[in-house]
Amino acid sequence: MSFSVAVAGASGYAGGELLRLLDAHPDLDIRTVTAHSNAGQRLGSVQPHLRSLADRVLVDTTPETLAGHDVVFLALPHGKSGEVTAHLDASTLVVDCGADHRLVNDEDWAAFYGGEYYGAWDYGVPELPIEAGRKQRERLVGATRIAAPGCNASTVALSLAPGVAAGVIEPTDIVSVLAVGPSGAGKSLKLNLLASEILGSANPYAVGGTHRHIPEIAQSLKAAGAGDVSISFTPVLVPMSRGILATSTARIVPGTSASDVRQAWESAYAGERFVELLPEGEFPRTADVIGANVALMGLAIDEAAGRAVVVTAVDNLTKGTAGAAIQSSNIALGIDESTGLSVNGVAP
Amino acid sequence: MSFSVAVAGASGYAGGELLRLLDAHPDLDIRTVTAHSNAGQRLGSVQPHLRSLADRVLVDTTPETLAGHDVVFLALPHGKSGEVTAHLDASTLVVDCGADHRLVNDEDWAAFYGGEYYGAWDYGVPELPIEAGRKQRERLVGATRIAAPGCNASTVALSLAPGVAAGVIEPTDIVSVLAVGPSGAGKSLKLNLLASEILGSANPYAVGGTHRHIPEIAQSLKAAGAGDVSISFTPVLVPMSRGILATSTARIVPGTSASDVRQAWESAYAGERFVELLPEGEFPRTADVIGANVALMGLAIDEAAGRAVVVTAVDNLTKGTAGAAIQSSNIALGIDESTGLSVNGVAP
Amino acid sequence: MSFSVAVAGASGYAGGELLRLLDAHPDLDIRTVTAHSNAGQRLGSVQPHLRSLADRVLVDTTPETLAGHDVVFLALPHGKSGEVTAHLDASTLVVDCGADHRLVNDEDWAAFYGGEYYGAWDYGVPELPIEAGRKQRERLVGATRIAAPGCNASTVALSLAPGVAAGVIEPTDIVSVLAVGPSGAGKSLKLNLLASEILGSANPYAVGGTHRHIPEIAQSLKAAGAGDVSISFTPVLVPMSRGILATSTARIVPGTSASDVRQAWESAYAGERFVELLPEGEFPRTADVIGANVALMGLAIDEAAGRAVVVTAVDNLTKGTAGAAIQSSNIALGIDESTGLSVNGVAP
Amino acid sequence: MSFSVAVAGASGYAGGELLRLLDAHPDLDIRTVTAHSNAGQRLGSVQPHLRSLADRVLVDTTPETLAGHDVVFLALPHGKSGEVTAHLDASTLVVDCGADHRLVNDEDWAAFYGGEYYGAWDYGVPELPIEAGRKQRERLVGATRIAAPGCNASTVALSLAPGVAAGVIEPTDIVSVLAVGPSGAGKSLKLNLLASEILGSANPYAVGGTHRHIPEIAQSLKAAGAGDVSISFTPVLVPMSRGILATSTARIVPGTSASDVRQAWESAYAGERFVELLPEGEFPRTADVIGANVALMGLAIDEAAGRAVVVTAVDNLTKGTAGAAIQSSNIALGIDESTGLSVNGVAP
């Protein structure tokens, strides 16, 4: 089976990762690659690591160039997906890697993004526990509009949802601190993203509850069964191009045994190929997941602190974005969920 | 005024930083440099960045080579300082950069280090609030035995002690996550410290409450007025040779206004040269403190999460270790506290 | 078609990369993984990035554990392959990723390595021009003993062999300077490979003509038609885990036009999938080849200096070692040369 | 003695390093700091690592704000110094850290820079051998207009000038390849300077003889006695914020002994504090010179290749720019040449 694919925003980092994965996907066929300011250029000069696609030429991102494909992946700046999608056929599978369709609540959208709100699409994190022992995967079957997750948001949500769903941790005083690479911020010419600013340094940003992924995490944990959610969330840019290492802690519900806590995660992710709980005492490094569509997770019970500590490593561009988009598309299109996706990282 | 100085363990990273700072200190005169396996070598081949001292020769670390100096800095592996000090004159100022004399409680020592316990010395973090509006500085005046702090421990203690002392944050559910560079682990031949393992990766360790700096933080916060202390502490190795970026959060005592919280830190560090609270909305990067004897701190109040978030940047080798040692020595010796120490980092 | 495979030395960096590539290879089936000090451990704890193989257990490297496979890849320390191979069946395809069988000249072996000399095997760089317009590929068809190349050596040889074979550059005054990542040195506990020593620094080594890859380069250029070869070769460790960026220059034969020079490289690598000359004015970055079995090359003619400058990027572990081993095996086994190998890098 | 100082372009990387060094200089007093787009801002928000100057406010770069100082340091984009200087008093010491006044030959200016040519000033590399056993230092005594060198240019010129001056190496077929950090390119918003592009990668640029520092090197070597100069020069961006590691090779004049070659460098730099030849067999790392006003050099004789290989490490912002500017100013102002400058790097 072969589905024709267009990638909009193919000159950016998420677009490049989509192309890298799609090129190795046996059932998805890259037909069209679009860009804005880079339209007209060869992919070889814009994404020089994609040798197999070097001679493809970027065309302008318009309703016309995107029309007529089975699947359209949008890797556009926030706020651009809504207008583009309006012109696409309802039967086309559209997967948005931007934020436009992630939030189910228009007040969250107004508070954290602003601008016109286009409504939520099915959320592209198949492994997320939702109510009644079900998983988000179910909702993606046959979907035609999918919102790929925010990379930090899905990492933290996957880290804690099992404990929330099982009622073994409290969702009301979560603390997450993330070491993140700059590629998550995209190919943007900003002073704080210059190599000289980031090499040899750890740089916090969005400190104090202002990061846009906070409401996205909260809604995922609510979907997993939480009532009120409170999260202190601090991302720290560190000198690695890719990767997220999220350290998330939550208070253990009093009276819960350590083995019950661990059991919550084990049962939530048993049988999952792309979310893996490591053996007790092992914790992941971001190096282990570079280029892989996998979230690796280690869980510790800190009895003295009364907290569960979950450390999760994700490649922000793969499992965090492009891999999640393709995995979700596989489900939506009815092909094997793992097609074209590897769990093995490129290390060291 | 000139004091003669010996540095024991001069071939390691902390020893090297001591020498770098001492070489620029007008009142401290490097007389003797000692090492263990590197004894007999020129400093030029062991610490090639110290050109002004390149022709000094490392001698063996023995009671004899260390005797007869006004000041002895010990930068030895944990467990080695006790025996060495037994042979040093009581009037000699001895500053230990290892852990042997930091913990006031022998049970903490037994639980986190083990081996013979040699007792606590005056703790070398002058700016730490202690009871009754006083500071640790007072105790260092005229001291002859000083324990330089653990770099992570002093960073977190300085981050939170003002709020604890002022009663505006709760010390019972602290969460600290630190991005740290590998030089804090010393010049040790361990697989997890190889460049190939650390480049491009964020690597957690001592997850779940096992890090040795935890009791040291707790005792500092108790000295600042806390009763029970509970801290979830997770360090993450990131690819920068030096630096600690500690993100520490604590619940705000209900009913406390944001300005009262901020006021606690402002008044605690007003007039301090080497601990600085940045203006509201500014947060430090580790790049800003490389080579500087300064702890830079940013404070945010996350009202939604009910937590104060303190982000502090410290160079683990300078303000975290060698700078703290020299600053404390300045106080002990009765010379100006800031002699030979810079607040300016080497950036970018 | 399926061939059974053993990987000896599976706990090291080259071994890990072999496994990563083999796992994705449709015709090669990983049957046995061996190690020395790590025997008995799960791959999951030694190579944590290889999730699909996490439950495999390393067995001891012995003639018995390696016997009975169609293909044996050796990723052992230099000097270990000879004795191991003596016990392997003559019909088994043995591919050595160490240096033991690369040098055709026992005097070179004695001068640069020393110890017992076991003789040269077919050299695993299929694209290398050899005499009479032929390529090294021919010699690999049906081979049962293959020496995978030294990563730096093959990078420089591929850079210059086209010009040498075409007679447009002089092989007698070559200068090559390489920026290399530390993974090329293997997982060895050496002080100069510690992260603290390499982060933020560029560190030369083997300066002045002592690097072991020099005779290997020379013999490849001689195979391409050079008489005398002289090369000044300097590697520089830089803070990236993988990658080689080789800048190689040679004097242009007087009277040769720039287009004739360029033509030599274009015709040498036309039709090659895994060695690519970039369009005029483009030069490769190591980021573009990470994880890819490809050598990317840019060529400049510096008329003022009278030199051709070739800049080549290679992933030392992939095209430099494990990818070359598998590509050569594909040829030897009579399957499509590109099976299981990607030309696309993981970037950024 | 105290001289009043203005720094123009104080918001950039070179400007920041000037301020860091000037703040520690006992005889130079920072009176005025100017900028263009950052005028009006506190230094604390633009150069957050300079805590001692955090409350200084940047004023606009105009003839009026720069007037009335004893010394004016210009750290402006290329092409901006000429017009600014026209308004400054002839007796003011003006030190340009830009390229405007480095080249003695207007044809070189036209070929490599273009735009109006303002003429050469005294070149700020005191240790450079010039004709008849003299050094460039002489020309700086009492100078009022000084051109601080290009960082790559002075590094290569210092590497080879001793051999050229002594007639032991040939200046007609030099090859230099440099590993350089991105801070040398300034705080410019360019895609190729983004952290995501540079982390984990080695990126060549200006390949094939187009780099602007080439004529500057040539003129320095001619000043040292060379007739014709030919140099193949390739810079490679590597992931370290600061530092240059230049590997420079030149053919040894036939018949010259190894000891005569070495003697040329030893005698050229004997007694120099800021240019140091390391003992035989030792080579420098850039880590060793970070923040230091020193060029460290290692020399190897590659007899097989017939070439001398000089590896030199320089911090591009210190000895490469700001340190050279201050060292030269010290000479011009008649104060001790080493005032305010350290030879010790910040490592690891």
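Per-chain residue numbering starts at 1, and chain names A, B, C and D are given in the order in which the chains are listed.
Assume a contact is a pair of C-beta atoms (placed from the backbone, for glycine too) under 8 Å apart; a residue touches a chain by one contact, two chains touch by 3 or more.
None of the values given here were measured: they were computed from a predicted structure.
S.K.: Count of steps on the shortest touching-chain route from chain A to chain C?
M.R.: 1
S.K.: Work out the mean Cα position per chain and let me know which chain is farthest from chain B.
M.R.: Looking at centroid distances, C is the chain farthest away.
S.K.: If you match contact pairs by residue number, which of A-C, C-D or A-D shares over half of them with A-B?
M.R.: Match found for A-B within A-C, C-D or A-D: C-D.
S.K.: So which one's got more C-beta contacts, B-C or C-D?
M.R.: C-D
S.K.: Quick check: how many Å separate the C-alpha centres of chain B and chain C?
M.R.: The mean C-alpha positions of chain B and chain C differ by 45 Å.
S.K.: Using mean C-alpha positions as chain centres, tell me how far chain C is from chain D in Å, no decimals.
M.R.: Centre separation, chain C to chain D: 38 Å.
S.K.: If I count partner chains per residue in chain D, which residues reach a count of at least 2?
M.R.: Answer for chain D, listing residues that touch two or more other chains: 13, 183, 196-197, 199-200, 239-242, 284-285, 287-288, 290, 347-348.
S.K.: Provide the residue numbers of chain D that touch chain A in the complex, in ascending order.
M.R.: Of all residues in chain D, those touching chain A are 13, 181-183, 187, 189-191, 193-200, 239-241.
S.K.: Quick check: in the complex, which residue numbers of chain D touch chain C?
M.R.: The contact residues of chain D facing chain C are 173, 175, 177, 179, 196-197, 199-205, 207-209, 230-232, 234, 236, 238-243, 245, 247, 249, 251, 283-288, 290, 298, 300-307, 309, 311, 313, 347-348.
S.K.: For chain D, which residues count as touching chain B in their complex?
M.R.: Contact set of chain D toward chain B: 13, 16, 20, 23-24, 44-45, 47-53, 183, 199-200, 241-242, 276, 278-279, 282, 284-285, 287-292, 294, 296, 342-348.
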